[in-house]
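Per-chain numbering from 1; labels A, B, C, D and E assigned in written order.
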Amino acid sequence: MARIGVFICWCGENISRHVDVEKLAEQCAHLPGVRCCLTYKYMCSEPGQNLIREKIREERLNGMVVASCSPHMHLKTFRKAAEAEGLNPYLVEMANIREHCSWVHHDVKAATAKAADLIRMAVAKVRRNHALSPIRVPLTKRALVIGGGVAGIQAALDIADAGHEVVLVEREPSIGGKMAGLSETFPTLDCSQCILTPRMVEVGQHPNIRLYTYSDVEAVEGYVGNFSVTIRKRARYVDISKCTGCGACWNACPNKKTPSEFDFGMGKRSAIYVPFPQAVPARPVIDANACTMLTKGKCGLCAKKCAAGAINFKDQDELITEKVGAIVVATGYKLWDIGKEQENAKLAGYGEYGYGTYKDVINSLQFERLVSASGPTGGELRRPSDGAVPKTVVFISCVGSRDNAKGMSYCSKICCMYNAKHTMLYKHKVHDGQAHVFYMDIRAGGKNYDEFVRRAIEQDGAQYHRGRVSKITEENGKLIVRGVDTLAGEPVTIEADLVVLATAMRPADGVETLAQKLNVGYDEYGFLSESHPKLRPVETNAAGVFVCGACQGPKDIPESVAQASAAAGKVQVMFSREEITREPEIASIDERMCAACFTCVRACPYNAIERAEIRDRAGRLIKRTARVNPGLCMGCGTCVAVCPSKSAELEGFTEQQVYAMVESLG
Amino acid sequence: MNIGYYPGCALHGSSNDYEQSVRACLGALGVNLCELDDWICCGATAAHSLNHKLAVALPARSLAIAERDGYDDLLAPCPMCSAQLIKARTALARDRALREEIAATVELPLEGRTEVLNLIQIFQRIGLERLKSRATRSLNEFKPACYYGCLLVRPPQALRFDDCEHPTSMETLLSELGAAPVEWNFKTECCGAGLTMCNERTVLDLSHKIISNAAAHGANCIVVACPMCHVNLDMKQADIERHYGIRHAMKVYYLSDLVGMALGLHENELGVNRHFVSTP
Amino acid sequence: MSNESTNTPKHDAIEQMARELARDCYQCGKCSAGCPVGERMDVVPNRLIRLIQLGHMAKAAAAGAIWECVSCQTCTARCPQNVDCAAIMDALREFSVLRGTASPEQNRTVIFQRAFLDNIRRYGRLNEVELIGRFKTKAFLNDLSIPMLFKDALLGPQMIRRGKFHLRGEKVRDRDVVTRIFEKCNQ
Amino acid sequence: MTKQLHKVCRELLESGKVQVIIGYGQKDRGQPPHPVFITSPEEVEGLVWNDQCVANLTTYLTRKEIRALGKPAIIVKGCDARAIVVLQRESQIDRSAMVVIGMACNGVGEPRLAKCAACDAHVPAHVDITIGEAVSEPVDPERRYNDLNVFMTQSTDERMDYWQDELERCVRCYACRQVCPLCYCERCVADKNRPVRFSTAPTLKGNYAWHITRAFHLAGRCIGCDECTRACPAGINLRLLNLSVARAAENAFGYRAGLDPEAEPVIGSFSTQDKESFIK
Amino acid sequence: MTHKQPHPDPDMTTFEPKIVAYVCNWCTYLGADLAGTNRLEYPPNVRIIRLPCTGRIDFNLIVKAFETGADAVLVSGCHPGDCHYTSGNYHARRRWTLFRELLDTLGIEMDRIHFTWISAAEGRKWQQVITEITEKTRQMGPYLAYKRICRVS
């Protein structure tokens, strides 16, 4: 016999303002199966939960409905409360009378009537609920970290330090990511490399970290706790087990004209190269497109100079399989290339800024290299066109960010801070120079951030103009920047020697393909989606896959590092158990009734249903059937809808439950 | 090749040299311009400044005539006209209620089918290869500054023609015919357009900047595809010179002038002799 | 601040349209930055838009800037929020004309544009000679500026010499329909 | 043809290649042919083939009692053969463990069945042995749906009225299910009672739910043999419902059931490019 | 299809359409949550049934809704490419394409069955969709034809 408790929340006035909760309680008390019905001001608060627990105990409830907010908000809360009192959590349902009712319907009568219906549906459902217990699956206590920038490094070290093995995959020849190329960092102006490279070395030497550089994640199979990852180790043409990193090869290489990726084209490198001196591993790779030995079969100088015999022109890509239980994605960002050529029509580029046309219009990462002590100019600021020291520099914020017409509608978040930093670095290098910044708002929320921006203005004399730049043209070696100062209400024209564009921060290339391999969602810009923006910021909707750093959204170094540690913490929580428990709201097949048409096998998005045979003790085939692998099933229920004999069933949303809900409206 | 032709008031008025040029040039290419029967003025700046409903209705009437007479394409050599026609067409195509309302206003059924083309697009339709094969004279003594002004490329959302910041279609066309267009910075800056009559100082100022920049970048002439640009840069050039005390003597050609010359037509056939700035 | 209570329903319609057009502006100023006549404006475009957002339509429409605008569409083309700034300028001019708040000099533009439309209303096409004649006369009556009256007088003969003057002017056949279009659009 | 059929069947049974022949028998010439299950070579003379052999015998392939008779050979027409392709795709039969004898056919029934009018499978495909010759001419796809197209010229209300009259007569004998070669579920949803998906009583409400379910469970599967329509004692024109889903599958996804053993069935597969004009 | 005259029922003014919405948990349900968070008002006629995915929404649920007296049904989920389960919505889209034809043949009024994609970010779209469907259904009147089918006989 059903003994169901209905708990109606006022949510302060959020619900009670437009829903007559007392009248509602009277009505609901008479619903079939309902044992008790009461209201409370804040059902999710501790006294509210205690009230629920008390009633569960007193009335020996075997099901309950909380009528309050969205289940996305508090279903877990109330299930936990029930569980604490010995009521199976899956016997708890919610009626969403706030988001779906009191907040959107202001006619009290209609809203109350709707709330009653919503509760009636929930009661009808919960009467057909089953007690469920979490599914247990075994666990491989090894983690994969994808991306070796500062976030990936932090996550890998944290997990490795906790005693678990880590597989770190980085597609560039060295780990370090964007941070390795930065000059100094805000708001302390400490040297980026000085703080990062020791961490890189730690990764390289850590006994628990297996590092694959110049490698990509090719395929991911399996499920939480039991992933099987195929890694493509791209041909490096250098055997790093033999190589000593002496540098004879790259010094000998006659082709030194390839634009350096690490310098964002501001400097050149040889065909065999290490991206930067502090690289980890400090071993070169050969750029197969630039090396004449590989393209034309001529040269081979590096091999001749290599005393260790480490050069191997016949090197091939290699596929390696690694078993891991958890995956951390830390693939980072890129700056939007805002030149004329754009990947899709929605993005129009910024023809008016002449990026890619005028040599002295560069982006912020290029500027970082130009002022970095390890950069192509040795830290002396010289502009690309003629090597002159720029006396007037214009920094432009929000290039492609906060731009609904032809860019990204979001704020890239870090540009305000690094623009301020750039004006300081510039002033420190060119004492008689003048920096101008065009900005729309200064977003400097963070510890010591606003003080930092003020310092740029007050101490280092950066001229800030509140407004956007409309067009840049080049006349006689000067860049004519036409902007506006909206505070003065006047157009401003500056003749600049160098223009630095803070272009929008976008997820790194290829992240969408990776996300599809991992079954992780992403937004319209390609940023990976976290499970919950507030409460589950590093988890994703793919169980066992976590995100951190700028692949999830624009962020600065401290935030990326914090998030990386959070992701690592989540992995350790997972690894602290011997088994994984998973939500039991998954599909199952009634194998006696299954007609074995296997439509569900085709339709399952997770390949979680397999063909199986039922045999008797003598091994004779009795019948064939479809069978769900509970480790793989994510509970979408597509199988239920396609099964003609309705042998597939989805716990939590069973046919009985759903029909009961619809019928309760009749 | 038959094509609908919407001359607009300017080409039938003080910019009839432009019409002469367009007709001569396209005639030499075998394009037959069929003037739209009883077309009416697009309303130009005046309409969209003073009465936004009129700014749709006036061009819509001509569009409806073009549809009625079965023209798929309509050449409007004046960018003011073509922009007004295109904007009306886009607005009509988007909004059924507006379409019905305007059809009732202009007393003709209307769907917004006819495509409106500017002069450059006609040459693109003809094809660079064909143009080149018809050319009898190289334009190699010309170093034009190709001037697009505003309404050939703006607003890009409506016009969808070339890159609105760095258009290159005229340059591509003319360099194929042997000319050496210069790179310069005022391709799409405004010359003052319709303010010629009532706000002359603005026009002189803007036009002066344009001519100066073209000269500074080594141009020996300016090429336009707009009657108003021609008025401001050519007819007003003497005033500009007087006002700024500087001698420009910058010849201003219509695009069809130069293409016509490449096809072997004489300057006088194209009406170049009727321009104000003449060869010194 | 001018007196908003003198508004007619048509004023209100224009104001509402302008506010709708201006709604998405977040005041980056790119319109003002790129405006070819921004330096000459007493109130730059982004500020005009701000005034509209704040409901000060009359104040915006009283700015001289709206008569400096050359309708070149640069602002509209570059706006990151897809605000049709050029259309807002049109709306402000329409509003100002309705209220009759433009100064004599600004009125010159209106006088010209009205003369232009009047010309089209009557003939369907532009009659340049008549337009210039009427414009000059009305402008003179408006501001009594003698230089204005004789400006460009020297151009006339030169144009005639170049065959650029169409003394008769063209008319469309179906002038009645043009008149009716004008009537319907003026409702 | 009949002689050749007898010869083939005798050989199959004598050689032990099959244990049972599923074919047509006839008591006498006036009577309609009926299904027979021949297990010995002596009985093969009882097999008939003529243009009254309407039944689709493939429905017996999945029957337990027939399976118990051993490895079968089955006689099919072109239309019936498509059911075998579907059954194989749905893992219901082991195609290698049977012999399919296809009969060339120029149409069956007196008068000819509706489906025969637009038949494009006079010679059965994907069979092991073909007997006889027939000319298969290409058929205009729309002709297949002629009856439906005509029906759909009625208004929604008229169609609603029509079906209310039709389905009112259904007595829920489930002959339509019984005779269908593709209704092979061990336990039909109609018979499941937790929850009751639709009423099993022959009320209009239950009848609607049943016939919607039946037709939709055959979505992308129905091969158009029309046996359900023929079997219905109330004479309900179920064919129209089957056609509507089949037409949608063909028009939207270019898919017809039972033609290609390799093709991905419509249900349980998808393309990201599927059209969705009806989704807002 | 004949054009439906406004319903002649004299009680039209009191008629409140009953609308059943089957929505997916991850997009449309959250979209409706967002409408709530943003306080976007809409008519109170819709009853949401939350399912994990549009892939789970079987055709006979639509029939069931009409049987229980719904005047209109909405099925809504994630936009193509955004499915929480990667492809449940694609499977659903295919089924609906076929199912609509069947219902149309049966003379079911297609204006009473609505399919939409509404993402978690589209609270405003949810508001608009529900408002439009409610208004449209109100104009069409109660679904008498199906109620006639469901009468006790």
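The rule is simple: contacts are C-beta pairs under 8 Å (C-beta built on N, C-alpha and C of every residue); 3 or more make two chains touch, one makes a residue touch a chain.
Note that the structure is predicted; figures quoted are calculated from it, not measured.
The fewest steps needed to get from chain A to chain C, moving only between touching chains, is 1.
The chains touching chain A as well as chain B are C. With B-C and A-E as the two chain pairs, more C-beta contacts join B-C.
Here the CA centre of chain A is 52 Å from the CA centre of chain D.
One simple way to say how far apart two chains are is to compare their mean CA positions; for chain C and chain D this gives 74 Å. Computed centre separation for the pair chain D/chain E is 34 angstrom, with centres defined by C-alpha atoms.
For chain A, the set of residues touching two or more other chains reads 352, 471, 603, 642, 659. Counting partner chains per residue, chain B shows two or more touched chains at residues 156, 164. Residue positions of chain E with contacts to 2 or more other chains are 59, 64, 67, 87, 91, 95. Contact annotation for chain pairs lists A-B, A-C, A-D, A-E, B-C, D-E, with touch applied as defined. Within the complex formed with chain D, the chain E residues making contact are 1-2, 59-60, 63-64, 67, 80-81, 87, 90-91, 93-110, 114-117, 129, 145, 148-153.
Residues 352, 398, 402-407, 440, 466-471, 482-486, 489-492 of chain A are the ones touching chain C in the complex.
Contact residues of chain A toward chain D in the complex are 592-600, 602-603, 611, 624, 642, 644-646, 655-656, 659-660.
Chain C contributes residues 24, 26-35, 38-39, 43-44, 46-47, 74, 78-82 to its touches with chain A in the complex. Listed in rising order, the residues of chain E touching chain A in the complex are 18, 20, 26, 29-30, 32-33, 35-37, 39-44, 47-53, 55-59, 61, 64-65, 67-70, 82-88, 91-92, 95, 127.
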